[in-house]
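See structure below.
To keep things simple, chains are lettered A, B and C as they appear, and every chain counts its residues starting from 1.
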Amino acid sequence: MTSRLAVEGLGHRHAGSGTWALRDLTLAVEPGQVLAVVGPSGSGKTTLLRLVCGLLRPTEGRVLLDGVDAAAVPPERRPVAMVFQGYALFPHLTVRDNIAFGLAVRRVPRAQRRARVDEVAATLRVDGLLDRLPVELSGGERQRVALARALVRDPRVFCLDEPLSSLDPVLRVEARRALSALLRADGRSAVYVTHDQAEATTVGDQVAVLREGQLEQVATPRELYARPATSFVARFVGTPPMSLLPAAALDVPARADVLVGVRAEDVHVGAGKPYVVREVEEHGHEQLLALDVGGIDLVARVPLVMNVRVGETVLAQVNPVRIRLYDGATGRLLP
Amino acid sequence: MTGYRAGLRWLLLPWLLGTLLLVVGPALITAGFAFTRYDALSPPQLAGFAVFRDLWSDVEFRRALVSTLVIVALAVPLRVGGGLLLALLLHRRRRLDAATRAAAYAPSVVPDVAIALVWLWVVNPVYGPIGLITSAFGAGIGAVLLDPAGARLTVVAISVLSLGEGFLVLLAARRELPQPLYDLARTEGAGVLTEFRLVTLPLLAPVLGLLTARDLVVSLQVVMVPTLLLTNGGPLGATKTLPLLAYERGFRELELGDGAAIALLLTLLTGLVVAVQFRLLRRWNRAVAT
Amino acid sequence: MRRTALLMTVLLAAACGHGADDPTAAGQPSPTQAGSSAALSGSLRIQAAGGEGELKALQEVVAAFEAANPRLTVDFTGVAEQGDHLAKLTAGFAAGNAPDAFLLNYRRVGAFLERQVVDPVRTSGVDVADFYKAPVEAFSRGGTLQCLPQNASSSVVYVNETLFAKAGVPLPSADWTADDLLKTAGALAAKGVESIAFEPGTRTVAPFVWSAGGEYVDSTDRPTRITLGSPEARSALELLTQLQRSGFDARQRAAEDPQDAFGAGHVAMLVDSRRAVPGLRKAGVAFDVRPLPKGAAGSVSLLASDGWCVSKASKNLDAAHAFAAFTVGDGGGTVLAESGRSVPVSKALAQSPAFLAAHKAPETAQVFLDSIGTLRRLPNVANQNEAEGAADDLLEQYFAGKLPLAELVQEVDRATAAAYAG
């Protein structure tokens, strides 16, 4: 089966500055799958989206859509729809005209435009808002209008750039669920860009972590959490992320420059060596302790009932089976 | 908070006083003079609307009205359109940015007298650049300023060259427009013209509307001094706009009443045109939205 | 184009301000009747328009007057263009802030006389009997001399001696005819020399119409229109049109002001008044003058004359009149005569060496004086300025070939009738 979307050795270099925004990226998205792309700002996420939807031309490598090289396909003929960050709604157009914008550019007859907009608006529950202007909409409504405008194109691949970033947290959870269903419906696929790793791991079937234009790891959320491929991913993914400490500090038998990655739930408190508690952070049903290990924090997850105060000394030990070892120089996961 | 606002009001006071004293006062007095016969040498005599009746049957006034409308109808769209074109061409940040923008704006800061001198040279049929180039191809030009159409076009050209302020406003406005809207248009396959029609124009429409209104008000003043020096309103009144006629009547022919009446009519005319334009703009905005 | 020169003077005047840096270089303050009379004090405001040379000469006169009257301060304002001069005066009168004395052409004085804002000339100390008659008439109204004529001049033909010699065409004689002019122009053109340049307006057309035996204005005292319909007027226009073909046409005039062209040696002859002399001297061209060629009615020239008018509202009437008298007397008059710009109105001064100075061109300055006898003048009514302006606009179009003769005659009649009536 051919992938819905694949990129092979994809790279893009800024014409002006000559720096690479994205380099040597190889990924694939299968039908009905959402690929979440996560990374700090400047990591090349948005560049990837622009390459996929055709706003940018690759400097090297290629983009395949349903197995076809997209190099010769102009943006409007790609089965790709983009949802821009901040939604990019036209302030002077009503919801109906915003949704129909692409159809207007394509000179679709008026009656056909109407029918198509009505259909899509019903799917996204914005059919009651069609005569309003964007300023009269809530954040959630705007997001649905932007999605409706993308859906009007009947794309095979959605490209979404931070689609939830302008929503408040409560709305975000609900919107994310609605989105997850919509993106996978009818065998569609999506590339979902976000800077929030929690959002990425919730939405994505696969998660790709980018850093300075390079792919650090692409994996299922579970795999990403359990076996971060690099120390960067280890530090980036998970709440809290992995603690990374020199092997010597934890008495792990390894080369001196090896870093040991430990998840907070793999630190057992109550036995072992004594450590000073530097910080306590309560999270509802549990609390996170930052233990001072030779000046570096080792974070432990303990039940709320355990009564610990900052400055106290507690006994703790690391589950040696669940630790990951990283090469201090390359940051790569050691086998 | 009230203390702060009161403070602001005090800050406004000098400006307000200055405006009252130097603009509003004289304007009201001028409006008063519009209903008199006044030669500046003897006391004014009240004449009421007879002044306006006489003006209406005055051939020179009618010709000036036509000249004014023709020049404005040519100059305003060219100035606003030219400013828009330059803004759209130069809004992307590039090298030599500052230089090109300065070049576009520079003519707006050149003194009127210098502009008139430069244009005298430009349209000089023997020594000017246009004359020299066309002569080199065996064509040559005649005495441009002796030709009513040539003189009008020269005046329009002068006004178009001073589009710098409008250009700067539009440049800033264009840079404020969100890039994603353009990206969106491109993903739908919009070409340059479609992009202009569906994205740039509607989003800049409010700014363009304001600029046009402002241009209607100032475009006649912009060319007044160069016209005075270049053509003195000629040939045969082709470039004698209403402000020029008001100046001539008031200060050269000792008919201050006439001058004031023309100024008053000009003010009313400008107000009317601006009002009509705003109505059209509103209707157009609504049309774009459907 | 004459406006080039005008603009240049605007710029120059702006650059120079009116700081007279050489106070009495040429004019020795000889004690005149006016200057030495009563002790004048206070301040005096004077306003005049003119070219660079004229204003400089006037500044010298002002300085000489001040030197003769140590307790008086004179504030002199020089304006580059007549129109601006008039505008400034009007604004001054409207604001009750008019200068005490101002210099005006007789064709522009009417509006001020009509409104009775001018204090008539006080003849004490001025020998008006010694003045040429034409300028005195031009500034009189109701039998009273209203403003004191300061100069008089006539239209003449300037000839470039170098260009004539180069073309091998003999210089015209003093009693040449219109036919001679045409032949001379033709001969010059045949040698590839631009023959003649003139301003396409009243100042050129009126004397040619008169010389042909026609009338330019229907009445000098009560004008109602400018008349170009008579066979004489038509023949004069015809003559000038023919001359234009061998000389400067509208296109060349648009490129270069006639006076500048003559000064630069681009054209062999120029029709102009005395006012061209300072500029031509400065340009260094070798020139002389000839009277206007004779037509059917002889050689009839046009009077150009400026006079000093005193504001009735002046707070210093004595000083204002004294200044006016000073400019035509020995002291100021000599300075102005030497500047070359003006032909003095006083016969005695006109015959003096200062004016006829042989070392400076034109050699035959006497021509200007000879012409004064055959001078005619234009009306000095209130609307003369507007009527001339309307006619000049149409004449410019006619000479540019954009208006047929029949239409010109009709349009000038209509436009000037309206101007004189309004």
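What we mean here is this: a residue touches a chain if its C-beta (ideal position, glycine included) is under 8 Å from a C-beta of that chain, and two chains touch if they have at least 3 such contacts.
The shown structure was predicted, so the numbers you read here are calculated from the model rather than taken from an experiment.
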| item | value |
| --- | --- |
| Leader among chain pairs (count of C-beta contacts) | B-C |
| Central chain of the complex, centres being mean CA coordinates | B |
| Chain B and chain C: spacing of chain centres that average the CA atoms, whole Å | 38 |
| Centroid spacing, where centroids are CA-atom means, of chain A and chain C in whole angstrom | 89 |
| Interchain centroid distance [CA atoms averaged], chain A/chain B, Å | 54 |
| Residue list for chain A, restricted to those that touch at least two other chains | none |
| Touch list for chain B against partner chain A, complex | 178, 180-181, 183-190, 194, 198-199, 202-203, 205, 285, 288-290 |
| Footprint of chain B on chain A - complex, ascending | 50, 53-55, 74-77, 80-82, 84-86, 88, 90-94, 97, 101-102, 104-106 |
| Footprint of chain C on chain B - complex, ascending | 39-42, 59, 113, 116-117, 120, 123-128, 131, 142-147, 229-230, 232, 234-237, 247, 250-254, 256 |
| In the complex with chain B, residue positions of chain C that touch it | 1, 3-4, 6-7, 10-11, 14, 83, 86-87, 90-91, 93-94, 111-112, 115, 117, 250-256, 383, 385-386, 393-394, 396-397, 400, 402, 418 |
